[in-house]
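Down below are the structures I want you to see.
There are two complexes below, and they share chain A, which is joined by chain B in the first and by chain C in the second.
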Partner chain A sequence: MVTAMALIVQLALNTLQAGSVYVLFALGLTLIFGVMGVVNFAHGQFFTLGALLTSVLVPALREAFGMGVALAFTFASAISIVAVLALAAVVYQFGFRHYLRDTVGSFILSVGLLLFLEGVFLWVFGGVPRVVPNIAPGELRVFGAAIELQRLVVFGIAVIITVLLYLMLAFTRFGRAIRATAEDAGAATLQGIRDKRTLLYGFMVGSFLSAASGCLTAPIAVITPAVGNDYLIKGFITIIIGGLGSVPGAIFGGLTIALIESVVGYYVDGTMATIGMFCVVALLLLIRPQGMLGHVQH
Partner chain B sequence: MKVKLGLRFCVIGGALSMSLLSCPAMAEDVLKFGVSSPMSGAAANWGIGCDWVGQKAVKYINDHGGVRVGGKTYKVQLTTYDNGYTAAGGAQSAQAMISRDGVRYIVQSLGTAPVQATQSLSERAGVILLTTAWGKSIKGPKFPLTFTNSNTPYEIFEPLFSVVRSQHPDIKSVALLNPNDSTGQQAEAQSKEVWAKLGVKVVSSSFYERGTTEFQSIATKLANSKADAVDLGGSAPGDAGSVFKELSVQGWNGVKLYPAGTGSDTLVKVGGKSVEGVYMGQAADFSGATATALQRDLDTQAKHVLHEPLNILQMGVWDGMMALKAGIEKADSIDPRVIAKALPTTTVETSYGPVGYGGKSTYGTPQQLLVPVIITQIQNGNTVEIRRVKSTDVNGS
Partner chain C sequence: MFNINHSVVLWNVALFAAAIVWLGVSEPSYLTQLVVWSAINAVLAAGMRFVLLIGETNMASGAIYGFAAYVTAIAVTNGFDVVPLVVVTAAIAAGVLGLLFGWVTLRVKGPYFMLIGFAFTEVVRLAYTRIDYVGGNSGMVGIYAPMSLDRWMPALCVGICYLLVSGFFVAEKSSFGLLMRAIRNNDKVVETLGVSALRVKLVCFCMAALAVGAAGAIHAYSYHVISPGDFSFLIPVYALAYAKVGGERHIVGSVIGAIFLTVVAQVVQGAGALQYVLFGGVIILTMLGVRGGLLDMLGWVACRRRRAGAQRIGLPKDRTSGELG
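On to the complex of A and B.
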């Protein structure tokens, strides 16, 4: 039988790696909600586009320029993120800008976008599952547990982006403007913070996080036009657990659902892990609807 | 002047109406066939391939004299409807096919959940339904209009597991993993039964939700069960490849089975070296020497157009079209209920050659088209046929 230590380490590695991507995805979602008061169901499609473009561009760049996988992945991700940001800018300018802090209107708009973009991606990219070659061949073995090196790379990049985001929000003028707008848009405007520009940039940062998490998922998952749906559901579960609009809450929530997925998935099965997540959400909505680290909205 | 103009319009309108009225005479000579398959989502490539094969079959039938009934010749027309591989999608596509578009012959429906949803309408509406779904519960005397075009766990698992056991007599235990839907649940039940018959103990049985992207913990559970073999039942090809890859990372190296394996291409693409040696029951190499000339030709064309080889489910559309053509001509009727009575005793010119219906001992009525069970293994990244089992259970025996 596998040792208890090996099992604990394996489950911990599974949790941290999967959780890092959930956190990144959810940070974008919660940021957009916090700043704009908009629940963006199309967030999963930005993720999907990032993943799809990366999975298409990596082999294309390798063939065209003879690049190694890691370098091709870096360039592919950069191009994919730029493409997603361009889409996000269009979506904001012609869509969400007119439904700021309008929960119902933005909900309808984002659901429509979700369906439209899913159809477009299927038409453009086709339904054939895509795979990105291993960006860091090999495995790390520690205390009897094992994890692919490329998953560690993904984890590392996700952590770096999360830390940079935290530093930006905490210590930069732009970050303070976002936090102020999220807390009280009127008061922020009175302080000289340009509301419209802050909202746009906040949306773009959120979309960047979604695209980045999509690019990071490309090497470790099978990519189809439907890949974002699973992450969207988990993203919403994460921000409900952590608290809508709360950055620490997104981190807490992302790691929580990864832990449930790992532990319940191991001791029971994947289906019960999914049910477990929804049970936690239902319970939280009853006893603490603002989430574990969210604030009561008056 | 106004009266003359009005008269002119009436004449023109009448002429147009007459020309439109003459179209039904053309419409009456066309049999509308339907396909219900996932055209979106994770299994979209299956559905897209089904549609392509269906259109090829339509062209073949129409180019070779159509369908002859009562001295009259009918052309066929095929439309594919997206069922999204879900029950809700199946219900939606059934409504569109049957209620809206008047389709009376469904030549292919993929996925047990969508098929069950379709059946709730098709059986009542008197529509004949051919499927490739794996569920046992979709056939039987309660569903006289439903038939299956390709093999299911009840035809595949016994020969597949027997071959594996004979090649690996040391297998004492197996761990199962299936998607949590009708397909997976019924595959799991049949797996347990057949493994028990062969004296192999099922040490673990788990389910996962379709659409899952993280398989690490699932693989940890399978690896830690210390089973001699892992049976991935009705999983999707991408999922199976991910699981085998994770199993390899976590150091498990036993006997690998993927009974529902249809997309060996995707399996190899996702799993790489970790899928070497995987046994499959639903895959075929339609470019190989054991394929028929027709299958090789379709496969070659498919690779050019779809950028991937055909699988057994997709080839099932061709077989379904030919089965319906044969059934209609044998019944000498376009009434689905009359056709359904004739089909069990009809010999069909399938892509594999002439094949009949059977499965009475399993389903209660002979509703299973008994195409060969093809057992394959991934060897050096290629799908290699290792055994072909023909069923002797033909025409209800």
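On to the complex of A and C.
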């Protein structure tokens, strides 16, 4: 018999673990929108590439070099992130650079990229679901609730990346340049900020976050070439709840949808949880159209 | 004020009449089905473009389209077999759904409106999978028109789609269309004239929902089987692609884009993963290569041919210049 306390702790742990990955994914989306004014539907494909490459490379590295799972996962993640960043640089240079601040144009381009990349992934990796071996076997028990150790590791890494991103945006020269460009690109240029370079770096940071969340998802989920689409939907709901372009909003939104997913998923099921998320968004739009922590769009 | 180009109207009517006669006398075949699918997609693209005129991207059209298809399926499988009545009922149901959705969400605009529409389409699709009455994940089967209408269905479907696209054109050229364009430019200025921008947007959205709903009903009749997977976010995404690839400048661009991409989709169908690669590749190439879409490309080709023809007969250069706008 599960006690009420154990149940609450279990749901809280599930929320924090799932929410940490949603937050990373949504931070990338919101950062790219904030800096470039681009709603990037291909963001889910960067996530998928990160997850797919990790799931392919972990067994390959173990077999080739006899590495432990954790070490193989570290190397596989690093290689995957570099591959995603290379793809992101190509996509920016040949695609999005021509559609900056054009919401509809960039959206169609990103949709073309979504279809193109999904086809390429299916072609190259096949449709077979992939699983990464447990990177940290064992589980931790807190007040009667249990959490796998590997999920705790994923949560820890996600929190560290989020904190580092927050500190970078808040306190570094580069972070200030990104925030200034997001606020007013023209004024930022007048202040000596190289806007084109800042936009590219902003896009790369956003893509890095997507790739990192993909790598972190690989050990805790079944990976297919379509896995990014589910995260894309949740990512968009997250940034509507939090407010487009708002970093604290993405954190708040990510944790909110993870909470809904954990609670409704426990009492009903995952589908009803997604429907519940939409109901929350609809209610929120009636009360606060610009999202919880966003600005009114004039 | 309307500027009616009589030759365009005549060409339009002649082509339409020829298509209807051809569809009427032909036995239903793959080719006639392809024409019907192109016509349905043309309505989806024109509906998307109509909402783009107020500066918004309607990603909820997938939910509205699917809702109308399900209303049609429920009506037909319960014995209602008066096709026009079923199509009108499905369109009205879609219009009501559009009204409710628009009333809640049109308070926001730009990317917020786009993303909430995207989420709505996906959530409505998920909801179908949970409702046993509409077949859950398996969907609904047996959506057939009466046997007596079987031969005439392609002509009827294309006729309805033609009227819907024409309706969008007329609305765009009316004073209401001017109001929509003004709202896209600056809704605050329009409101200073005492016009409620929200109301105009809502009317525009409902008109698009009615037409997309009728297209959804035709979808159900033409495929005979529907399932939740048919109404994912790819519906509005494709509609937007048709409008952009064809050329957003004129409604004819939506029709050209819909026909072009429907044919491309059929050509690459069965190619497995390559289907996505080719379809996505066409969209990327069009967006990066021909920003004005196929319409501008056709205009460019016509301009070159005119220029080459004029040079052959020795006309001065200024009579032949016609840079694209």
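Odds and ends about this structure:
The definition used in the following text is that the second predicted complex is superposed on the first by the 298 of 298 C-alpha atoms of A that agree within 3 Å, B and C clash if a C-alpha of one lies under 4 Å from a C-alpha of the other, contacts with A are read in each partner's own complex, and residues count from 1 in each chain.
Following the convention adopted for this analysis, contacts are C-beta pairs under 8 Å (C-beta built on N, C-alpha and C of every residue); 3 or more make two chains touch, one makes a residue touch a chain.
Being a predicted model, the structure only gives us computed values, none of them experimental.
In the three-chain model built by superposing on chain A, chain B clashes with chain C.
Looking at the shared chain after the overlay, A:Thr274 reaches both chain B and chain C. When the shared chain is aligned, chain B comes close enough to touch A:Ala146, but chain C does not. Within the superposed three-chain model, A:Gln10 lies in touch with chain B and out of touch with chain C [touch as defined at top]. Of the two partner chains, chain B and chain C are each touched by A:Leu122.
Of the two partner chains placed by superposition, only chain B is touched by A:Ala221; chain C is not.
When the shared chain is aligned, chain C comes close enough to touch A:Phe107, but chain B does not. By the document's definition of touching, neither partner reaches A:Tyr201: not chain B, not chain C. In the superposition on chain A, A:Phe75 makes contact with neither chain B nor chain C. Applying the stated touch rule to the two superposed structures, the overlap between the chain B and chain C interfaces on chain A comprises residues 118-119, 122, 271, 274. Listed in rising order, the residues of chain A touching chain C in the complex are 33, 39, 41, 94-95, 98-99, 103-105, 107-109, 111-123, 233, 236-237, 239-240, 244, 271-272, 274-275, 277-278, 281-282, 285-286, 289-291, 297.
By the touch criterion stated above, chain A contacts chain B in their complex at residues 1-2, 7, 10-11, 13-14, 17-18, 118-119, 122, 126-129, 131, 139, 145-148, 217, 221-222, 224-227, 229-231, 261-263, 265-271, 273-274.
Interface residues of chain B facing chain A in the complex, by the touch rule stated above, are 39-45, 47-48, 180, 206-209, 211-214, 216-218, 220-221, 223-224, 226, 237-239, 241-242, 249-251, 266, 269-270, 306-308. Chain contact summary for the complex, chain C toward chain A: residues 52, 57, 104-105, 107-112, 114-116, 118-120, 122-123, 126-127, 129-130, 233, 237, 240-241, 244, 272-284, 287-288, 291.
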